[in-house]
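Letters A, B and C mark the chains as written, and numbering starts fresh at 1 in each.
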Amino acid sequence: MQESGPPLIRIRGLAKSYHRGEQDIAVLLDIDLDVMPGEFVALMGPSGSGKSTLLNLIAGIDKPSAGTIEIGGIDIATLGEGALADWRAANVGFIFQFYNLIPVLSAFENVELPLLLTGLSARQRRERVAQVLELVALSDRAEHLPSELSGGQQQRVAIARALVTDPTLIVADEPTGDLDRATGEEVLSLLEQLVDELGKTIVMVTHDPKAAARAGRMVHLEKGVLVDDLGP
Amino acid sequence: MFLFRLLLKNAFRHRLRTLLTMVGLVVAVSAYGLLRTIVDAWYAGAEASSSTRLITRSATSLTVPLPLAYAERLRAVDGVSRVSWSNWFGGIYITERNFFPQFAVDPATYLPLYPEFRLSEAERVAWQRDRKGVIVGARLAQKFGWKLGDNIPLRGTIYSGTWNFTLRGIYEGADASVDENQMLMHWGLINETVRARSGRGDYVGVFVVGIRDPNNAGVISERIDAQFRNSLAETLTETEKAFQLGFVSMSEAILVALQAVSYIIVIIIMAVMANTMAMTARERLAEYATLKALGFGPAFVVRLLFGESLLISLIGGLAGLLLTLPLAAAFANTAGSLFPVFRVSASTMALQLAAAFVVGVVAAAWPAWKMSRIDIVAGLRHVA
Amino acid sequence: MNALPLSYIARNLRVRRVTTVLTAAGMALVVYVFATVLMMTEGIRATLVATGQPDNMIVLRKGAGAEINSGISRQQAAIIETLPGIAHDAGGRALASKEPVVLNNLPKRGSGKPSNVTLRGTGAAGLALRPQVQLVQGRMFRPGGSEVIAGRAVAAGFQGVDLGATLRFGGRDWVVVGLFDAGRSGFDSELWADAEQLMAAFRRQAVSSVIVKLADADRFEDLRQRIEDDPRLGLEAKREERFYAEQSEALANFIRILGTALAVIFSIGAVVGATITMFGAVASRVGEIGTLRALGFRRSAVLAAFLGESLLLSLLGGVAGVTAALAMQAVDVSTTNFATFAELAFQFRMTPAIAVQSMLFALLMGFVGGFVPAWRAARLKIVDCLRAA
């Protein structure tokens, strides 16, 4: 983790609220947060704290009501929908609690999906996919459908998919939530590897303290505000 | 009652899908009804026949004329009460689209044979007196806005040239099945003109033979034909109904196609509904498993599915049936005199409801069977 | 290319097999009806077009419309024969055929129900004017005898018209001495006898029509004017091709309009089925949509994917429907032609144009059915999709 230099993520005055009929329900209130490149951050808090919402905003799949989110120097809060989609394709890798693999596509094809949004040729895509599958040790399962893989294997495919475009930022929403302890351990080790060896930045939402402990930094939210920011 | 309410709520849980399915049913059931009504209308002429009338025509075909002289010999046949004749005029009123049947007849002998044509005495006399006069049915007069005394020009195809007729009478049918789209003119006028042009006359298209006892129709027909066998113009005599059915059978290929097609639409909607019910069942797999776990037997689940399917199909079917009536009216207006009688029969309506019922049953059959056999554990674990 | 791959679209159809089959089957039936109706119309047209020769002219009484309504006296026929512009044979005789036409009511094979068959009086001249007619069994009728030859469709479709059988009309018995093949034209549905014999049997002085061969097909107008302008005659003349084309119009139009209206009504049912299916597909893949959008696929890609699925579904239905319609080509149909009041036998005829039209109709159904669900899928918000997953 780099100590000096500009933060990768720079959030100022971030707020998000939803309209429910007449009412405005505030989910996030005035968040300021910096994440340096190569950090492994865990977002924690009770249900309703706004941690998932914060993650969604960082990932660029939701728009804030107020504030700025600078990632790699670009304030993504100002990007239009199309530009945001393109930005995500190039800069963010996603890992979900329920893996979110496309059921009709093989492991290989699932990992290949983000590459379809780049200008790479079919051969180049094949090479990249093979590389990342090798990294997550699933090369021998490339042709299997998600239904033919265990939970842990599916999550590893998802991680491969998250890596394939070589994004700087990886966003993970309860990555071990659906896995047993042993498998969860494996996945967390893999994530640590991504940070230590590949220099990725990971922001992870989790409610599991053991998972959070593996991250370098724990950020606590409660009722939409940051209450704690604990480093190692 | 609880079951009914449950079914109703379930059916409209997925409002859009249920509504779409009903739209499909409405379209299918009304199309089915309309097609059946068209086929019925084709046969309407035969249905309106009188059992006391026979039609005698040339044995070769309807287009070969018979000598007028036969009339005397026909009258002499045992069992015959009255004889008249008729020639198909086949004229065009302005354009071919305005088609309606025109017959050249002998008023004095023809009208008594057709008591269902109700004509006032004054109009009958007026027509009798005017060689160039015609009478038309009420529906025809209404369609073209004709009034007594109007001049009606016809362009002849069989009898060439332009003919000018004067409207002397408007007849009404004794009941709804009578054809009020016809025009009747004087056979004498036509014959006169033909004789002047070609030197040959006194030919008729068909003889209309009235008989005293309908039960003797077959015997009398044979008697008549025997009279003229081996003569220059052999005859074929049949009941008016058989004669009309002869026309219907000429278009048999089309009628068979229409009937087949009316069932195809029902099959299409059956496929659509089966799809809907299959999707419904799949979504509710966990629920059905829960019900079974709670102790409701497989029969209950089956009843739920059949009940919901029938509820949707019968509501849609009823709506389709009701839509058929205005559709038929609109069709009758555009088809005009092609189908003089166009009514949605009671049996058609019954069949429409039956079709809706069958669709509802078939659509639910396979999902119901599958659901009744689900493994509770597998079902509960299933995330639809 | 920022679109989802075809394999994604196709495999999703395969995974929901029952739904795909049912929906495609509904569409296939609609396309089948649509294509079959067009094939019927085309079959009628083709049959009647094959009936007319480009260099023949047919003369009828003015305003008659059909041969059975028309009458031309011997004198009038004689005048026509002498007109310039008519081709002559090697012996110097005008290539003109004077033909009485009568309808004969015969029972059909199978149902036994009677229908009218065109009975044409003709001769050697008539045969010469119709090169598509070939005698395939037996022989031509002799001028003095009570003999007829039967077209292929009459022999096949009606009772008692086999080679050697006897028919009774005009107060006489007539023997079927030959069968002919008229190259799938209207003449296949006719019986031919000697013109003079026919006129004698029916006590007629006039023929129905006169058919002549033009010396120069381009000089048709000259001859037509000569005939129609002659006050002695009261006749009209048409190119044989045009005459027969007109004979098919009423029936072909009727079938086309009725059939197309039916197909459109049916298509509502099929489109409803497609819409239900696609809504179901979207609903079951909401999570997937969210994932794909998160990964960076645009709304347009989602729209295209679901619309593509609907189009592929309708493509399957269309191919199945057209294939089934193709099989109809083996079926022989005959019905009474409104214009002639006589039976006309024809085939269902597939043309590339009909196949294309049918496929486009199928795709249109798929588009209309799939558009709203695809649109709704594209309008979903990413976070809503992921939450619902």
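Here is the rule we use: a residue touches a chain if its C-beta (ideal position, glycine included) is under 8 Å from a C-beta of that chain, and two chains touch if they have at least 3 such contacts.
Note that the structure is predicted; figures quoted are calculated from it, not measured.
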{"item": "Innermost chain by mean C-alpha position", "value": "C"}
{"item": "Relative to subunit A, chain with the most remote C-alpha centre", "value": "B"}
{"item": "Gap in Å, rounded to a whole number, between the CA centres of subunit C and subunit B", "value": "25"}
{"item": "Euclidean distance of C-alpha centroids - subunit A vs subunit B, Å", "value": "70"}
{"item": "Cα-centroid distance, subunit A relative to subunit C, in whole angstrom", "value": "64"}
{"item": "Multi-partner residues of subunit C (each touching 2 or more other chains)", "value": "none"}
{"item": "Touching residues on subunit C, where the partner in the complex is subunit B", "value": "18-19, 22-23, 25-26, 29-30, 33, 61-66, 68-69, 71, 102-105, 111, 113-116, 168-171, 202-203, 205-206, 234, 255, 262, 265-266, 268-270, 272-273, 275-277, 279-280, 284, 333-336, 341, 343"}
{"item": "Residue ranges of subunit B touching subunit C (in the complex, touch as defined)", "value": "16-17, 20-21, 23-24, 27-28, 31, 35, 59-64, 90, 155-158, 160-161, 198, 200, 230-234, 236, 246, 249-254, 261, 264-265, 267-269, 271-272, 274-276, 278-279, 384"}
{"item": "Touching residues (chain side subunit C, partner subunit A) in the complex", "value": "1-5, 7-8, 11-12, 14-15, 287-288, 290-299, 382-383, 386, 389"}
{"item": "Complex contact set, residues of subunit A against subunit C", "value": "56, 59, 61-62, 81-82, 85-86, 88-90, 94, 96, 98, 100, 102-105, 109, 113-114, 116-117, 161"}
